[in-house]
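The following pair of complexes shares a single chain, chain A, combined with chain B in the former and chain C in the latter.
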Partner chain A sequence: MSVKIRFFARFRELLGTDVIAEFAPGTSLTGLIKQVAGKNKEGYDAIFDENGTFREFVILMRNTKRVDPAESGNIMVTDGDEIAVFPPVAGG
Partner chain B sequence: MLSERERERYKRQMMLFGDEGQERLKKAHIFIAGAGGLGSPIAIYLAVAGVGTLTIVDMDVVDRSNLNRQILHFDTDTGKKKTVSAEEKLRALNSDIIVNAIDEEIGGANASRLVGRADGIVDAMDNFPTRYLLNEVALEKKIPLFHGAIRGFHGQATTILPGKTPCFRCIFPKAPPKEAFPVVGTTPGIIGTVQANEVLKYLLGRGNLLTGRLFVWDGLESRADEICVEADPCCISCGTSKTP
Partner chain C sequence: MIAIQNEDVDIGKLIDEAKQRGTGAIVLFDGIVRDDDIREMELEAYEEVALKELEQIAAEAKKQFDLLSVDIVHRIGRLAVGENILVIIVGAGHREEAYAGSRYIIEAIKAGVPIWKKELRKDGDRWVPGHRPHGCGTNWKSDGST
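Let's turn to the complex of A and B:
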């Protein structure tokens, strides 16, 4: 089973643009992103804090719907899902 | 009424929207929060398009490290107040509009007064706290907020219409960490121009605005994506189910 993860901005620079990830049944959204981001420490640290929690500003979407990162541990990924992980930027 | 000089100046864009459109621009008053990387292209393009009144607010002084992107300011402006430099350039670009450049820091005590009776607010800020403040003012006055932000080669933009679209806080409930962000001039050039384009479309009543959509620009790929954004009923700024 596989999903597509779209990273944006800084996350994209660290982890790639459109990542196709294989996953085992019962994998949560959090687990999936940790699995993919885990390949690059800097990428992982950009998304997750020292407790393994999503940094509060991270925006998560699943199939174009917003997901509260705090809930993403309870959401199981399904085959064909498209996940977006986005860090808002603040400069001007 | 447009003067002969204005007709000549705007001739090529009046082919798109005629006298009626140009008059709409002339009557409009747009507030630009910031005269930096985003504020520069925004102010330049709104000025040359003939938006009748521009109010631009910045408290900063031109620094040499600004010059890679803040194209309203030149080498010879280093050390000058950004408002002084901006006003000079905008008036030189278009002597047929009114430019008010205000040297103040935007804060809770003055934001609403500074925006006054402007028809819209353009976010050319470099921090989220002031963006949240501008969001509150836009909601209070029921006027659009044209958001933009950048970092490095990446940028985002969206147009917020109070009561119709998600507000800024619906979209970004939590701020990213404060930092001295990296930036190359083309990025705010692109995002600032997208914001200015949104302002023109709004004033002209033409096209489809970036409402409910976050325009996401990747300058390394030269690719734009779109993220759909929705109002949050529990939003502390605009939510219908927020505690009064």
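Let's turn to the complex of A and C:
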């Protein structure tokens, strides 16, 4: 089973874009992002604090819908999901 | 026209096309790359989501301010100082609605649409800090509060 994780802006520079990740059944959204971000310490530290909690500014989307990072530990990823992880927006 | 694109936009043509029988006012907002001692600006978007959100903002603005037309073109890619970043053209029967609708749209874009800017500076590159933690959508209010 696999999902696509899309990082944007600074997170993309640190972790790459359109990362395809394999995952085990029962993996949460938080667990999946930790698994992928863990491959680059600077990238991991940009997203998670020292307690392994999402930094307060991190924005998550699953299949283009926003997800509260505080809830993402209880959300299981499913095959084919598209997950997006990005910092605060600055368009306009 | 609601678009996210690399190419520049023909503002005069969009204004001409926005004019309808009931149009009494058109307000143009043109966001431009400012010379803050930068070489260039690089813009990036989560395009599928950003486009959908721009469409939702345009629809909401039309409904809320009784607008006759809304065009939004947000550019991405590398832009030089003086280039257009964001063009918003709002048409309405009267100036009050046109001004209010235009203001609503720019503030809603800044509040939540997934687009990022990086300044390519002479003394090193820098991501422009976002305006809101969690960027949770288009809840900008017409009185300017959030």
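By our rule, the second predicted complex is superposed on the first by the 88 of 92 C-alpha atoms of A that agree within 3 Å, B and C clash if a C-alpha of one lies under 4 Å from a C-alpha of the other, contacts with A are read in each partner's own complex, and residues count from 1 in each chain.
Assume a contact is a pair of C-beta atoms (placed from the backbone, for glycine too) under 8 Å apart; a residue touches a chain by one contact, two chains touch by 3 or more.
Computed from a prediction, not measured in an experiment: that's the story for all the values here.
**Student:** Could you look at A:N51 and tell me whether it touches chain B, chain C, both or neither (first, second, both, neither)?
**Tutor:** Touch status of A:N51: no partner.
**Student:** Kindly classify A:A84 by the partners it touches after superposition: chain B alone (first), chain C alone (second), both, or neither?
**Tutor:** Both partners, chain B and chain C.
**Student:** Does any part of chain A touch chain B in one structure and chain C in the other, and if so which residues?
**Tutor:** 6, 8-10, 12, 56-57, 59, 61, 64, 66, 84, 86-92
**Student:** Quick check on the complex: what are the chain A residues that touch chain B?
**Tutor:** 6, 8-10, 12-13, 17, 56-57, 59, 61, 64, 66, 84, 86-92
**Student:** Considering the complex alone, what residue numbers of chain A touch chain C?
**Tutor:** 6, 8-10, 12, 56-57, 59, 61, 64, 66, 84, 86-92
**Student:** Help me check something: in the complex, which residues belonging to chain C touch chain A?
**Tutor:** My answer: residues 31, 43-46, 48-50, 52, 74, 85-86, 106, 109-118, 127-137.
**Student:** Which residues of chain B touch chain A once you look at their complex with the stated criterion?
**Tutor:** 34, 36-39, 123-128, 131, 148-152, 154-156, 172, 174-179, 181, 183, 188, 216, 218, 220-221, 225, 227-230
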